[in-house]
Amino acid sequence: MSSSVASLLPVLAAAEGGLNWQGFLFLLFAVLACSLAVAVVVADNVVRMSFYLVLSLGSTAGLFFLAGAEFVGAMQLMIYVGGTLVLLVFGVMLTAQEPFVAIKTPVRDKLLAGLVGGALLAVLLQAAVSGPAWSGSTAEGGNAVASSSGQPSATPLGMALLGVRVDGDVASGEQSPADGQVRSGYLLPFEIVSVHLLVVLVGAAYLARSKRRKSSGGQGGGASTGGMR
Amino acid sequence: MNLLFDPVGVSHYLVVGAILFTTGLVCMVVKRNALGVLMGIELVLNGANVNFVAFGSPVLRGEQASILGLDGQLIALFVILLAAAEAAVALAITLNFYNNYSTVDVDRADDLKG
Amino acid sequence: MSQVIDDDPRIIEFDVRTDEMLVNMGPQHPSTHGVLRLVLRTDGEVVSEVEPHIGYLHRCAEKIGENISARQFIPYTDRMDYLAGMNMNLGWSLAVEKLMRLQVTEKARHLRVLIAELGRIASHLVGMGAYGLDLGTFSPFLYAFREREKILNLFEEACGARLTYSYITVGGLTADLPPGWLGRCEAFLNEFEPIIREYHALLTTNAIFVKRTGGIGVLSPEMAINYGCSGPVLRGSGVDQDMRRDGEPIYTAMYDGYAFEVAVMKDGTYPRDRAYPAVPADAVLGDCWHRFFVRMLEVVQSMELIRQAIDRYSACTGSLGEPVKIAEKIPAGDVYLETECPKGQMGFYLIGNGTPKPWRVRARSSSFSNLSVLPELCHGCLIADVPAIVGSLDIVMGEIDR
Amino acid sequence: MEVQSDLGATLATLLGLAWLIPLGSFAAILFFGPKMGPHGRNAAWVATSAIGASFALSLIALGTWMVSHPPAAVEHASAQHQSAQPDDHSPWSPPRDGGSVSATFARFAADASAGESHAAGESRHGHSAHATGGDAPTKPAYSGDWYSLYSSPTLVLSIGWYIDSLTVLLFVMVTFIATCTHVYAVGYMQNELHDITDHEVTLASGGHLHRPGRYPRFFQGLSLFCFSMLGIVIAGNLAMVFVFWELVGICSWFLIGFSFERTSASTAANKAFIVNRVGDVGLLIGLMALWGSLGTLHFGNTVTVHADGQQVVRPGLFSLVRPGEHGHALQVPDGMVVAAASDRVASIAAGNSAEEAAAEVAAEVPEWRAMGMGSWLLVVAGLGIFCGCMGKSAQVPLHVWLPDAMEGPTPVSALVHSATMVAAGVYLTGRCSPLFTPDVLMVIAYVGAITLLLAATIALVCTDIKRVLAYSTVSQLGYMMLALGVGGWVAGLFHLVTHAFFKSLLFLCSGSVIHACHTNDMRRMGGLLKKMPYTGWTMLVGCLAIIGAGVPFVIGFSGSYSKDSILAQALVFQRINPSHAVLWYAAAGGTALTAFSMFRLWFMTFVGEPRDEHVAEHVHESPAVMTVPLVVLSVMAVIAGWSLGPLGVATLLEQARPLGTADGLTGGGLLTAAVTVPAEAASHAEDIHFLVTVTAFATAAAGVLLAAAFYAWRLVNPAAIAALLRPAHTFLEHGWYFDEICDWMFVKPTYGIAALASANDRRIIDPIVHFFAWASRQLAAGDAWMDRVVVDGLVNVLASATWATGLRLRAIQTGHLRQYVMFIVVGTVAIFLLASIMFGTMVAGP
Amino acid sequence: MAEYLIQTMGLPGWLTWSLLAVLSAVLILNLMAGGALVFIWAERKVSARIQDRLGPTRTGGRFGWLQSLADGIKLLAKEDLMPERADKMLFRVAPYVSFCASFAAFIGLPFAFDMVALRLNVGVFYVVAVLGLEVFGVILAGYASASKWSLFGAMREAAQVVSYEVPLGMCIVVPVMLAGTMDLVTIAEKQSGWFTNWYLFHDPFTFVVFWVYTTCAVASVNRAPFDLAEAESELVAGFHTEYSGLRWSFFYMAEYSSMFLVSGLAAILFLGGWNGPVPIASLLGLSEGSGESTGAFVRLLGLANFLGKATLGVLFMMWIRWTLPRLRIDQVMTTCLKYCTPIAAVMFAGAMTWLWVFPGGC
């Protein structure tokens, strides 16, 4: 079975032969992520869109796990999928009334978007495959996740966020900071982001706050926005 | 070179990222529903994230040092956080938009047209 | 969270423009106590309007009563408030007796008190257990039913039926008590008494229970009177009225010589306040908690009455007396009598025309009046409060729809 | 002379805390007062507990002090032998045995040295104080700075401390009385807890003023007041004293004008403030004289330890004026001499280099000093400081504010007139007494004597219960000043302490009476003793204390000890300087007057039949929160003067006696004929003691009996006597016409000058200003034309061009979100393509 | 184990990994399904005992222990109903989303030393993150059912779970901080020894945190008194009102496995994981690494310990459920935002301070 699969899709072939789990899982998650992303575009129903989006993002988290970025993957699941999307689904639910669930887009727009999107995709793909150094893993086969779990990534990440870099020797070779630049920690960005988050939350709460409206006499109180204060 | 015949590397991830990115952009362009646009943004950010993680991954490059090292993951983290923040604000904007226009159709929001 | 609705109707609170939703609660909903159908108009979780729809259990009881003799109507009264059949029997019997100017024997009088108060306990036990169920706790329901079963056993021994008794009847009771019954009844009372403390621990003083009931569905005394509420619902709002004390002579004479104190809050305290949990700070007079608490107090009150009745009944030497004949003619004239049933004041109105069959029969049910305040109480509450309020009113659809 | 040590640091910390806690309370009430309970009710407890804590800390400090410096009897008078020979050139010298001192005095000194009398002379076991002058006698005192505000060779402004037993004692006294007053005020100010309708204020609308209560505000003022007073006491330099001096002034302004809507209250507050300013000008002049010539305002020496371990001692005022190497005898400091001889210094400096000039000047200084140069500066400094003290301590002629200050709430009166404000003046006089030359001391003595007589006579006829007490205060302050002036340093300050207790007691009692009667007028009171037993009896204790009652030679109320020692010193002074005998008679006569006026007050208030039934029927005893402080204070009024073996206020004060003042002082000549101020030890002689005690008892008894004859037994009709002495009575009732004199001398001329200035303003200055304004307008009009036509024109052309461009470009802005995104995408792709065309490669690959 | 297979059996690497993966998956699935059966049975018996009843007595022998299985078979046989206006696709998918989330979380949960499907160095994080996805199934179910009651339930669930994740996360951070790692295995190992080493007893703050965690965990798995999403007396059956048959049973299984999961998490984070209160194994001189059979014995002992603790947690939740009335939605949110979150935050700071003051532990 291994040979047949491997001959079918050599991307699955590991260096030492046999079925490459990393390749297989990558293929699985990549196809899932891409196809579900396309499904998001294609779907008309907002709730379904969000559902596909959740799955797509989840699959991407799987890709992150495969790439050895476990913390980022878990973060993706927790914040992106868990937090952001619940928020989004909330919004969907709140506005999920019959007329708005599916708002049709003119075909002309779709065609134009496809055209422009295709052009962009072509450019990006060209860029993706044109870098020879970017391709060709020399990973020693086996389970990428298993091999990566030996070297914890959460600790250096946390240290970096606190302003200490412990991966100084990771960057060697041509990418090393030959020009004497020292790789700095991320304490400042971390703090900025935290403040940013706070500000954003306050801002969001402000935007979506409950307002007192004095609709001018009419009992509907519906469409007129003039009375907002 | 042929992606199908290479072991999984950075390029593969870049391809996935590119597809996600493009899909997101198309989503933003095509969807008239404000929430759809929002989802498009999420996809775009996610596509970018895939690239960052790929560039920063030590696994994908084997013994060779990754291009970004830890920075890739860190940037991805920041992107995720900012995406969460963005989603919160965007959702609040959408709800406000909905309050004001009774619809989430972004084409209806053209008060700022020249 | 009861929403305070601003006086100015033009000012409304809104987060996101939401459309009002019409939700059907019932007639097949777990917590509508039978076949009540409530149409809720909600904005999210907040209920802006409740409209009760009734009539699913209408059986033309009153019309039937005009086609059968007064004694034959007794089984139909059983099926009005089927949780307190004894008390319904009593109400009808007394009304007919009032028209016929009949006086039951002393022994029958005490037995009636004994049975009616037992029935009150049984009814309140159901009300209490079901209320727990409404608030999402299941165990108290079974604890309550466990005790109620014992009462039903006693009833079964006395009259042979467990739900529709037809025991108390015009002119007396259908049968005397079997030997040893009184002893078993006292044994029940003795073992039931400490269990009440458990109910208080599980429900009355439970912090969540208090949070769920305190300050919810506050019924002001004025509103309660205006809507004709009665029974624990009325007394829960602090109105001191009990037909057993304030009713017509033919009814109050039944309780002549019995010592009991109406369970109502006076000057901020309940009678014999210290024996029971203190009123929590969250509770407001007239809210669900007080209605519930009044019922719990009435259980104790009834137990005392039963003990007194047992003493008096066993002291009576005479005979129980015979009920009237099935086809006894009732004199011409009309009569209306209200008795204190567990749910409130149950009134029967009948017009006799000299034949055995009454010319007109009407019933005024307490649950009907009590249910009528529901829209007022639910105005601006949350969906979760609707069962809490409905449960605290302790309605029985059989009595409402008749 | 004194440097910081561990004990000093401990005391400084304790007292510093005790000083700052009321400030904290003030700040707390200021910011959160209205939120402290309903109507700020709890502010009272904040303030009270703060001052209570201060009291506790002060007590601890006192205990610490007593342990380290037990005030045991000392081998007194030995200081005289130890003191170095005075500088012959000095115009003042301590009297030498058998020298200029009269034989009488010599006998006293001999008696005193027999060791049977009270402690006197230098306390020599101040082990903690580092002696800077070899074997020179020391006194235990500590000084230092917490924080230096500004420092230069000629001026150091700092927050510092100067602690000796006087400081500690006054801390205990002030905080104790303040605590009592606070507690009392909790009850007294109750009515401020709710809205108040002030019937004494009539609005323009005809109604009465209705205002919210100011309960927290009152306690806020009290706290700040205590803080300020304690600041004066702990201050380590005169600059700091001045700051807190002014703070006390402003606090009194706040508190006297507490009901500022009343014209009388606001006027009284302003009066107190302005009159004090008059005195403060003097104080400022004194400070300038000291600073300008000596370059320091510190009391004690400042020791700076440099990095190399070298100690640099910067002498303070005391050691400059009474240098240790000079035996602590008073001499004109070098700085003053140089300042006075500035023209000679200038001539020396003209011909020499700086170092040579300095050396030459230094060499010349003793000679100049012998010529008497600079001594006038010292006199000016002393008079100036005393001038400030006159204002604060209400000495004639600046006493006018004090009776009016009765407008403040009674607890304020009690605090102002016993422990704080007026005490500040006496305290500063005492603190600075080493600086005073005999001339100055004479001025002090005479001012004190005049004040005591004048106030005592006015007190005879007052009918306002608080005014009687106020004038009696002025009179007692006169006593203290007199004592300080005639060399009775301990006596004066002793009286300050004892007086604080019984005067605060008297005021609080009167407050209790007023609280009950709702009137100040004694003519409407009477027979209150039955209804207000606590108040009545405690007030009797206060009266007995103030007249110095007691069993002669055995035991007495606190006042008897202090007053006797004042009288004794006056008597000694009279014997040495017969020409100044009037001081002694004034003091002795004042006793009788005091006794009469105080018992007149007590009899009128508490004895006999009620004069006004309407008032009497509403009278009731005050609540416990008010009576308890009364009882506590009355106990203190009895026992404050007692000494338990060596433990006593007098011995404690003796420890604080400034160096060099124990020997007395001879000199003068600038203002008066030369006088000899006797050493205080002399007044402890047996015969003096006997004579004084008998005199004091007799005069006081006479006063009391007279008062009783007038008001208790009704043997004499007071009205008849008043009619008989109509002119004198009227004269006294008007307080010797001081207010009228002031009005005529100062206020009226000021009005005249103001009218003149106003006319000048309107007639001359205004037209000039108007002309310039008109000219500016004309210029501006021309400028505006330029602006409109030339500048605006240019801008408009630019703007319209921009507008046109914008109009054309706006077509792109469709407002459609999706279209914008499309633009972005197309742009991105375009940039990619462009880049690849231009650089011949697709992206920037590796 | 993988090495063992590769070396002794001579299996190729890929096959080994596949086999192991399948084995793990099957084990976990069985645990979930079997555990759910056991726990549902236990719930019946526990509730019955609490309520003075007997509960199932006959099915499958004396204690009715096959009752759940019988119910399962009945559910399998039930007609698969779907509301006409339901969103068909989402309606079908929703139960599986819930179930898969619960299942995926089990992947990171260690049952004993080295008995973990996938040892992740961000194990805690992963488990919590994945568990949080369960809410999606509920939301989708509520939306897709096209029933107002379901929608109410879904919205409540969403609001509740999203809110309770905040204090839950904060509580979890405390043991993570104490251990200095997010690896669940390491966290449990660090608490080995006597029960005093458990993080529950590490300091007063962790003790409080444990109870906050318990509250939040009960809330986040939707058990009474926080079962607002189902709330049968208000919302009929909440989000699964319209579900029946097998799909409904998936929700049921997801609920019970989530209960087990949070209990297991509590056991690992606070109660020493597989380390018993008394270190029997180490008292006997045994350890996981000592030999084939003794190592296996020690592991089995650990497994028993862990399962016992987790089961105790589940039983605790049952006890709570059958005792307390249900809170109202606003009270639930109040509990979270006004009590749990601040308490957790303060305790977090407190534990941090404690760690700072007593770096060596106390």
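By written order: A, B, C, D and E. Residues from 1 in each chain.
One rule holds for everything that comes next: a residue touches a chain if its C-beta (ideal position, glycine included) is under 8 Å from a C-beta of that chain, and two chains touch if they have at least 3 such contacts.
Just so you know, these numbers come straight off a predicted model, no measurement behind them.
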Query raised in the report: Both chain B and chain D are touched by which chains?
Result: A
Report task. Considering only C-beta pairs in contact, identify the chain pair with the most of them. Result -> A-B
Report summary line: The chain whose C-alpha centroid lies farthest from that of chain C is chain D
Query - Furthest chain, CA centroid comparison against chain B - result: D
**Report entry** Chain whose Cα centroid lies nearest the overall Cα centroid
**Finding:** E
Query raised in the report: So what's the Cα centroid distance for chain A and chain C, whole Å?
Result: 61
Query raised in the report: Where the centres are mean C-alpha positions, what is the separation of chain A from chain B, in Å?
Result: 6
**Report entry** For chain D paired with chain E, centre-to-centre distance based on mean C-alpha positions, whole Å
**Finding:** 75
**Report entry** Separation of mean Cα positions, chain E and chain C [Å, integer]
**Finding:** 45
Query raised in the report: At which residue positions does chain D touch at least two other chains?
Result: 818, 822, 825
Report task. Give the residues of chain E that touch two or more other chains, as numbers and ranges in rising order. Result -> 155
Report summary line: Shared-interface residues of chain B (touching two or more other chains) are 25, 29-32, 95, 98-99, 102
**Report entry** chain E to chain C touching residues, read off their complex
**Finding:** 47, 50-53, 148-149, 152, 155-156, 224-225, 227-228, 231-236, 322-331
**Report entry** Complex contacts: residues of chain A adjacent to chain E
**Finding:** 2, 14, 16, 18-21, 45, 47-48, 51, 54, 58, 70-71, 74-75, 77-78, 81-83, 85-87, 89-90, 93, 96, 141-143, 145, 149, 152-155
Query raised in the report: Which chain B residues qualify as touching chain A in the complex?
Result: 1, 3-27, 29-33, 35-36, 38-40, 42-43, 46, 49-50, 53-54, 56-67, 69-74, 76-78, 80-89, 91-96, 98-100, 102-105
Query raised in the report: Okay, in this complex, where on chain B does chain D touch?
Result: 25, 28-32, 37, 106-107, 109-114
Report summary line: Residue positions on chain E within touch of chain A in the complex are 12-15, 17-18, 87, 89-90, 93, 118-122, 125-126, 128-130, 132-133, 135-136, 139-140, 143-144, 151, 154-155, 158, 161-162, 165, 181-183
